[in-house]
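Chain lettering (A, B and C) follows the sequence in which the chains are written, and residue indices restart at 1 in each chain.
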Amino acid sequence: MATRETPFVMPGNSSCAGCGAVLIARLVTEAIGPNQIMVIPACCMGAVATSFPKATFNVPVLRTAFASTASFLTGLEASAKAKGQDVTLVGFAGDGATVDIGLAALSGAIERGHSFVYVCYDNEGYMNTGFQRSGSTPRGAQTSTTPGGVLSRYKTEVRKDIAKIVAAHGIPYLATASPAYPADLRRKVERAVAVKGPAFLHIMSPCPLGWGFPSAQSVQLARTAVESGLWKLYELDHGVLRLSLAPKKRKAVREFFAPQSRFAHLTNDVYEGLQAEVDGEWATIEKEGFSLRCETARA
Amino acid sequence: MLKDGKNAQAFPEFGPERRGAPVRSYLRIDDQPILLRTPVTAPDTVVVMDATLLERRDTVLGIKPGGLLLVNAPERPPVVVSVPVRMAWVDAMRISASLFGKQIPNTAMLGAWCRVDGIVGQAAIEAAIREWFPAKHAEKNIEAARRAWDAVEVAELEASSASDTAKGSSAFAFLDDYPIIATAFPGEGGAGRTGSWRISDPVVDAQRCVRCGRCVTACPEGVVAMTEDGVTIDLTYCKGCGICAVECPVQAIRSGEVGA
Amino acid sequence: MTSGRNMTATSAVAYAARLAQVDVVAAYPITPQTRIIEAISKFVADGEMKAQFVQVESEHSALAATIAASSNGVRAFTATSSQGLLYMHEMMHWAASARVPIVMANVNRAVAPPWNIYGDHQDAISQRDTGWLQLFAETNQHALDMTLQAFRVAEDPRVQLPVMVNLDGFTLSHTYEQVVVPEADVVGRFLPPRPPVDWLDVGHPRTINGVVSPEHYIQFRALQKDAARRALAVIAEVGDEFAKQFGRDSGGLLSLEQVEDAEVIFVVLGSAASTIRSMVRAWRALGRRVGVVSVRSYRPFPDVELAEAVAGARAVVVWDRAYSFGCGGPLAAEVRSALYGRNVAPVVLGAVGGFGGAPIGPAELEKALEWADAAMLGRPVPLETWFGVKAYRDGRVPDGN
């Protein structure tokens, strides 16, 4: 069992130096405590979970197939009920496993109301297989399957907003979080554990390797995403929507994009367009209050 | 190789890549077409791009008696081997740093290898560099190869009885305990002593530190601890990402040279 | 006259799940399996069964949830058919290699396209190499009895593998016949609770089914291979014990009828064996020496027992209700392989048919016997025949006839 002496995430694991995902895994498991069972599908954290025969996480981990995080949580919840077992069930999955291949399973599990905490660490692509695009890759990003060339121009589509998709299920608890705001993250994890029924956490997960920035900037970049207004921290608790933080003086969005090689091709006018978009969103928030309405389709 | 009319086969150790993690790649050279497709277990030559990897027993495991061990190191590295080998070393880091301002030792190592191994000629190496690199980088890389050619040093290494190259039998101990499914128990250092991935050490200035604990929370590895004596970092596993230094609000952590 | 209630094989399976006191049922509906999960959900709704019943959003999830539940130590069950089974394929491998002792009823049905909801074995046979044990029921009673035996086999410490109980769509699933439903306490003695599992013990954490290196990987495959082989003895043993306790032979590896002196032996999976039995009895009355082997355990494959059973015949007709395109009937290939290396071996004829609910009835079987007779007389005959394939209008027939 994890104690002060034996940490929740074992040092000397195989995650990249500066990996945001393994930091999130540590913050989340620490916040939940030893009475948890984790389900991890195919993804970077799945690969990091074992260097056989050693395990990285100091809680029981059930590895599963790429699409099956939420269906494993379903089966675990049913078995826990059958046994009268009181334990927190945690899904820890990448964006690909969540917004793409595992979306039907996630949707079904939330609709059925099982009790679990589903954490999507979002590094905005299929990192474990070498940085291919996912449904959560932002527009404009270069990935290994949106390489850009004579005929094509990187990722041209707007990312899915998984938090809104999840919110549409009427889920009891939903929150976005960031490793740059560990206290906020911890509070949200604790709340997610406390609520009855499904809870979903969408956490931005900087990936130095895939995004192409120096590993030292991992946490800072996550902070810049919030301070520039790009990554909104909020929670939806039984229908009550709250913005956790409204940056007083927003940083330029450029500060988030510029250090990353996947955006190296962005030009000034693109930055201006992106800045205008974000400014527009926040102007609406300031005028009408924060809501989860769908933005009109972006060009 | 191909330039010298030989056949070559090169492949990495397959698996997900992790930044900073040690990687192993294999190369076979033959006059005949190469049909064998398995990892090289008894190499004629081992090229070590980072001397800290020599701490790991498996780095030189299997090298043939009389084989060549080429190391990227500023001075003669302390190596223990179980068979006699010819050891060569060159400070490829310094060569590349002076030429490119960055540590990319590959072409320097190539030059050194070309000299001490001798199975591929210098002209073929230079032709290959010209073909591989765009023109503006080619000449500098050829210069790196030439400098290493000149600088490489060689020594004969005796076999040491102290070294144990036998493979640990413990690798399969799990079979006795958990015979049915792949079961892994929490343990540190699953990926080895990841401290060897570091290219700089985080150094804490105890005078400056205000004990806010930010570095403890922000370290992905969880190797920063707050003790009575202040902040301590477990350098056995610190990967040197540098996050702690960036996150410290009073700049009490700086990047220092490895092992300084 | 058997006592018992009139019910379909799907109802019989639902009763078996209830008698086995399964803890978790996760499933997704598909014809002709639906009756199983409808009946179970009603048992649960009426408090007659204590299980957690979850109707999930897909078969992939149904099997995934069942695997997770079983990994947490409870007794878990699911049921499917055809497209649903195919949709599970990734998790089929997962279940077997994760060594979870779950039991699944598969109501055999043809696979699309073209769409067809009636019985054949293409669904089950296409999962042949996933590592599941596969039993085939011949009657509705078998469907109930085999489900109970399947849990015993799956949970046996020598085995620890998932078991699929196959029952033919419509021929069994929608046919009413007499089924004896045993008393709960008798079943309780035959099938004790599942031995405890500590895989997900929060007091002693570990990560299971993670990444391993090539040298480790094959170790786990070797363990799985041994377990599947050991299942041969366990299935036989459990079948004997069941027969002793319940007075019915409804398990084991093979069921042999009149094979000792037979010149021609039919080998078949599932409910067609029952039709062939009736034909064998009729042929015997006419003085023909014909026998039948009903293969109850398809995986593990009782190759030695099967070879022993048919070796003395002159011709063996193996009836496949599935096909390996570009190769041949899968069961026929395995019977041939089981006979390989014997000095004297019968000719093995591959009969293919009964697809998508097409009959394997007296007409087809008479034709097959004529074919076997010709082979015995040494006439040149094809080694494979498709039954029920009609000629085109211009008189041509598809190849193989």
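The criterion applied here is as follows: a contact is a pair of C-beta atoms (placed from the backbone, for glycine too) under 8 Å apart; a residue touches a chain by one contact, two chains touch by 3 or more.
Since we're looking at a predicted model, the values are computed, not measured.
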Centroid-based (C-alpha) most distant chain relative to chain C: B
Most central chain, judged by mean C-alpha position against the global CA mean: A
Interface with more contacting C-beta pairs, comparing B-C to A-C: A-C
Distance between chain centroids, defined by C-alpha means - chain A, chain B (Å): 33
Computed distance of Cα centres, chain C from chain B, in Å: 54
Rounded Å distance between chain A and chain C, as computed from the means of their C-alpha atoms: 44
Of all residues in chain B, the ones touching two or more other chains: 182-186
Sequence positions of chain C contacting 2 or more other chains: 199, 205-210, 212, 216
Numbers and ranges of chain A residues touching at least 2 other chains: 47, 49-50, 52-53, 55-58
Residue numbers on chain B that touch chain C, as the complex places them: 171-172, 175, 179-186
In the complex, chain C residues that touch chain A: 23-24, 26, 50-52, 54, 56-58, 60-62, 64-74, 76, 90-91, 94, 199-213, 216
Touching residues on chain C, where the partner in the complex is chain B: 97-99, 160, 199, 205-210, 212, 215-216, 219-220, 223
Residues of chain A defined as touching chain C within the complex: 1-2, 34-37, 39, 46-47, 49-50, 52-53, 55-65, 67-68, 70-76, 78-83, 85, 87, 104-105, 107-108, 111-112
Chain B-touching residues of chain A, taken from the complex the two chains share: 6-20, 22-23, 26-27, 44, 47, 49-58, 128-130, 179, 182, 208-209, 214-220
